[in-house]
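Going by the order they are written in, the chains are A, B, C and D; count residues from 1 in each one.
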Amino acid sequence: MSNKIRLGILGGGGDSLIGVLHRVASTMYDRYQLVGGSFNPSLDESIKFANQIGISTNQVYKDLDTLIEKELALPADQRMEVVSILTPNFLHFPMAKKLLENGFNVICEKPMTTTYEEAKTLHEILKKSNTVFAVTYTYTGYPMVRQMRQMIANGEIGKIQKIDAQYYQGWINPIIHDKAQRKSTWRLDPEKSGISCCIGDIGTHAFNMVEYMSGLKVNSILADLNYLYDDNQMDIDGTVLIHCDNDVKGVIRASQIATGEENNFTVQIYGDKAGLKWEQENPNYLYLLEDGHPLRVLKPGHAYNNDLSLDGTKLPPGHPEGIFDSMGNIYKGVARAIRNETYDQAEFPTMIDGVRGMNFIEKAVESHKAGNVWVEIDKQ
Amino acid sequence: MSNKIRLGILGGGGDSLIGVLHRVASTMYDRYQLVGGSFNPSLDESIKFANQIGISTNQVYKDLDTLIEKELALPADQRMEVVSILTPNFLHFPMAKKLLENGFNVICEKPMTTTYEEAKTLHEILKKSNTVFAVTYTYTGYPMVRQMRQMIANGEIGKIQKIDAQYYQGWINPIIHDKAQRKSTWRLDPEKSGISCCIGDIGTHAFNMVEYMSGLKVNSILADLNYLYDDNQMDIDGTVLIHCDNDVKGVIRASQIATGEENNFTVQIYGDKAGLKWEQENPNYLYLLEDGHPLRVLKPGHAYNNDLSLDGTKLPPGHPEGIFDSMGNIYKGVARAIRNETYDQAEFPTMIDGVRGMNFIEKAVESHKAGNVWVEIDKQ
Amino acid sequence: MSNKIRLGILGGGGDSLIGVLHRVASTMYDRYQLVGGSFNPSLDESIKFANQIGISTNQVYKDLDTLIEKELALPADQRMEVVSILTPNFLHFPMAKKLLENGFNVICEKPMTTTYEEAKTLHEILKKSNTVFAVTYTYTGYPMVRQMRQMIANGEIGKIQKIDAQYYQGWINPIIHDKAQRKSTWRLDPEKSGISCCIGDIGTHAFNMVEYMSGLKVNSILADLNYLYDDNQMDIDGTVLIHCDNDVKGVIRASQIATGEENNFTVQIYGDKAGLKWEQENPNYLYLLEDGHPLRVLKPGHAYNNDLSLDGTKLPPGHPEGIFDSMGNIYKGVARAIRNETYDQAEFPTMIDGVRGMNFIEKAVESHKAGNVWVEIDKQ
Amino acid sequence: MSNKIRLGILGGGGDSLIGVLHRVASTMYDRYQLVGGSFNPSLDESIKFANQIGISTNQVYKDLDTLIEKELALPADQRMEVVSILTPNFLHFPMAKKLLENGFNVICEKPMTTTYEEAKTLHEILKKSNTVFAVTYTYTGYPMVRQMRQMIANGEIGKIQKIDAQYYQGWINPIIHDKAQRKSTWRLDPEKSGISCCIGDIGTHAFNMVEYMSGLKVNSILADLNYLYDDNQMDIDGTVLIHCDNDVKGVIRASQIATGEENNFTVQIYGDKAGLKWEQENPNYLYLLEDGHPLRVLKPGHAYNNDLSLDGTKLPPGHPEGIFDSMGNIYKGVARAIRNETYDQAEFPTMIDGVRGMNFIEKAVESHKAGNVWVEIDKQ
């Protein structure tokens, strides 16, 4: 039988983007099989969605308690082994707690909990269990992020002496300046989102990445946050001075009012031998700066990459990972044609393209061999 | 029952990259279910591989003839609906021919055939069948490629007056200069690869893209190919002048001796109102040039994108599509931990990261509220 | 007679780069005539240098006192009108003071003085005089810096809500880690360089630019500086939180230990309508970010530029200003040939290049008109 | 006396950009002294202009014949040594001819002549004279162009195997599509501009650069030019296949209908060891591509640069050459203030900026030393 890991999912139904992301990710290396879950608060919706994605009705549970009860009743080698939690933030803690207490491995979307207190509680439970727990700070999976971590760990930039991380977005700009909107957005409501908006949502990404890449711990911080309006209770921008292990100083800058920015997340770490920079919006490039040498631009999939990076690369050099999505779009177009929904030449290359392509090749060789003369391409 | 399309695959077994690409792509929009195929020349290998990826042994066929025979014996609503051909190039034609003649839809890797003659034959068969046939010129699936096509179709750059496509690689450089290697590489053997190496492999991509994006047909060409050595029978570089519909002139440039280039595939199309440029290695950027206006850089997922582009975008602005792969890497790390292979903190964020993240948020707010003073991060 | 402004220079002799920079700058718009000065501490050296650059001996003064005495003795319409101070930093204050007190206009290199106290004294003197005084924070002269200032002043990005400036260099890295070197470098000696190294040298550039571009004043600051070694008395890195007019918050980041960085000076200013970014190392590009619009990249010399920017642009679009230097190099090569120093074909294009160029044009037309056939280029 | 070379200029009066370019270039290395010339067809205008730029009336000649006659009458050590020809194209040949025949060194703007025949004639004359002659293909003066030439000459990319040059502009687009304009533009009139527009104006730049950088000669060409309209007699776009020494193949692409392009001039040369790329619009970057190595980005002024490149660099790393122009703008603003034309704070930094800068430095240190607390910046 298949040795795939039996995966369950909580949340992520309907057209949830995060649901697609986790499902596709789970197929990437042929290690998981999605066996069931609870995808929507409504059981009917959940079943409908499950069927759409090829999960049969009996694998859909009305809630987490039912899931746990039913799965625990199964023999261990048929039981769900890991559960991904993609539900709204306030459910992360209770769900993760229950799963850990019942021996399930957990993959949990960020933020892991809504308070530090909850986080510590969860950690205590994890220590007593014998399970694997992951928080999906997704960016740490990029090949060049791993390359950067490993290069630093290998001493390739020497002793770290300066850290600078930026995560700038502009999305809250149209909301924050409208009194009605800033009152009604759940992101700006402490009841729903905890004590922080900007630092909580993206500052943590930067914080996590700084520790991941540098291998250093941040020991103390000094923050200047920005709320813009007196009636706004949640930070939407902030600069945080950081002091790390080995007296390394640095800064984390996060903003949701950097108008026009999308996800401009960059990390710069400088050592006494060299510096490294990475930018999330161009994740395949890693910049290596060294005194007296030309700037070097590292890319994934090369023999010069380290093991940790290569382990995260499926494609040969020069192919952005987005080609998976490009191929996915072609498959989608074909699906539509097969199901007689649409048959749009713009959505996938048809045989005419194949025919013309072959003709082009033969004619190019013919033109060349005839002494570089014009030849006609056949009409199709 | 699931309304998913039943997909079979020929080839792509073992650690074939193209196999991964097609399987992952087929999951992206939850439209396909992989139900079987023939993944390796050896049936044993094929079964072993199939089991690894969750396909049961009875869905593995020893060859295409068996596949067709067995599937045709099934009721129509249980039968494989579409077959992806990922086998070596010389098998594309006979396999596609047989599948079409038996009523299967086909997704075929490029090159579609090894000769133009075969391509035309296949086309005749397709015309008589009632099936869908796609050739995977994958790049046409990129959101910004689609954006460019649709903008041109909408007249946003006016009447086209100049076309320039480049596909430069350097991979054959270490081979071509070594007499033994250039004699033994299958790519340079006309018996195995047809009449062209460079134009056949990547020139066709450029040709297809030019026609896809511009909406024009190339009508005549003049080629100057490059073989570098007298004992080399296959072009490894070439420049092709093109004349298209409406007297539009242009050039397609392809090379495998552009040392150090990876997949530097770019297309520039200029109209009488504006110009557009796209580069495969940075596929999320589309450059719009207009006299008297600042350069504009379009990205996917925005309200300003056209429908064809948005249909190919799953993510919000500012997230490169490679984030799927990044998340895939995290899932891989978790799988290893669950299976007790490795438990490497570098491979996925653990609960410690989650705990520290929550602590960071609360401390940042505390520092700010205390008047921007230093506060300690807890040790974990 | 020429209406050019009579310019004197203090310092900048020998192969001083700053001397070249000021002399060339003074010729750019045909507004100045260099009439004399005191270029070196040694009068002999000063005369020798003056003669080399076309200044006659009687226009060279042994020191500033002599200069002032002699020039004041001249009729007003023959007198030096403005004096550029290019001497070591500690001389800026006494020289500027004396010049202002004697009615000369002054162009002073930065830093203007070595202490704030001196700066205030100088300001008091200036207020009583009727002269023009400029400090050469050179970067404010870039066309796209001016474009950015004016766009902000015009309200094109709306109300400013976030400011971020970075000036990262790595040059002190090889010095700071060597105990002997960090003891002996004048930049790290408070006696010679005042109380600050990094903030004093480059932090001020960022501070000045923030105020220049934004039109806002910085009202309070909180600094975290970095000295790296206990025996080092001067900051070589620092992050400065800033609070500006209208409660605008921001950050200035400066470093001389950002290993491998050259002059990575960037300014990002975000308003409630749009954001703008400028980078010193690519000074011809200005990035305009606006929610829901493609990124726009503005360049100099276009009709869409504002007056302040266009006033600072001599060249048509698409020509980096460095072309002046490129032409300067060609002139240098010609000078060497004329003076029989070297006659290097690499240093300037010779007539052979001109002949071949004309041949190329005629042959290209001939090839085309003959139906796109090969034609030979003549041997020269 | 000054050992500067006595320079005369023909043309370039009024607000001629090319005049400014040559005058400033001649000052860059303190090797030339502009001593006179004939700047305008009208003597009055010429004198007026000369006076403005500091040339006295008696150094202005009504025409070239007068210039030659009067200068030859002077003792050799007072005579004009070199003359720059900046007049309209059709005058280049007769003027250069006369100057050479009379023993003057010549710096001639491109195109050197209007026909190949003239060019050959001129060359014959030059061979018999003992003078220096330069054609200002300005781009060859860029430090990174020189770096690229020298690296290739040194064998750093191995044996050249592929050349690709592009010079794309869009400026003729608004003209070419308007029948009246395309009839009346001198650039499109063979009487005034010779037999070619695009190839003649910019194709030659690419041709010259290819030979300059590669060290190879182009031996034969095949051109496909583009006229767009039947009533247009001059090419405004073209692709030229080239065959060079050592059987190297390549392509030169030039266009004036690449809508929205400014001066997108790029050269890519690939050898069997590595490849090099340079782009005119970002002239300070040189890209070195090598199989199995990260892309390297070379910049000017580094110890790793070769002598030919360093000879063309005045500034330290990280300062674009445009800083000369930036400083020039500051000097212009000061000139206006001195002459009571305008006194605009936007045009140059004033003492207030200097005062605030000193205050910032002291306050930053104060904030840090007090334990990273907020301190006020003084109002000025």
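Brief remarks on what is shown
We take it that a contact is a pair of C-beta atoms (placed from the backbone, for glycine too) under 8 Å apart; a residue touches a chain by one contact, two chains touch by 3 or more.
Fair warning: this is a prediction, and the values are worked out from it, not measured in the lab.
Between subunit B and subunit C, the least number of touch steps comes to 1.
Ranking every chain by how far its Cα centroid lies from the centroid of subunit B, the top place goes to C.
Repeated interface: B-D and one of A-C, A-D or B-C share more than half of their contact pairs by residue number, and that pair is A-C.
If you average the CA atoms of subunit A and of subunit C, the two centres end up 43 Å from each other. Subunit A and subunit D have centres, each the mean of its CA atoms, that are 48 Å apart.
Taking each chain's centre as the mean of its C-alpha atoms, subunit A lies 21 Å from subunit B.
Contacts with at least two other chains are made by residues 222, 224, 241, 261, 288, 293, 295, 299, 372, 374 of subunit B. Residues 157, 161-162, 164, 166, 168, 170-171, 173-174, 177, 222, 224, 226, 228, 237, 239, 241, 249-251, 253, 255, 257-261, 268, 270-275, 288-291, 293, 295, 372, 374 of subunit C are the ones touching subunit A in the complex.
Against subunit D, in their complex, subunit A makes its touches with residues 222, 241, 288, 292-299, 302-304, 372.
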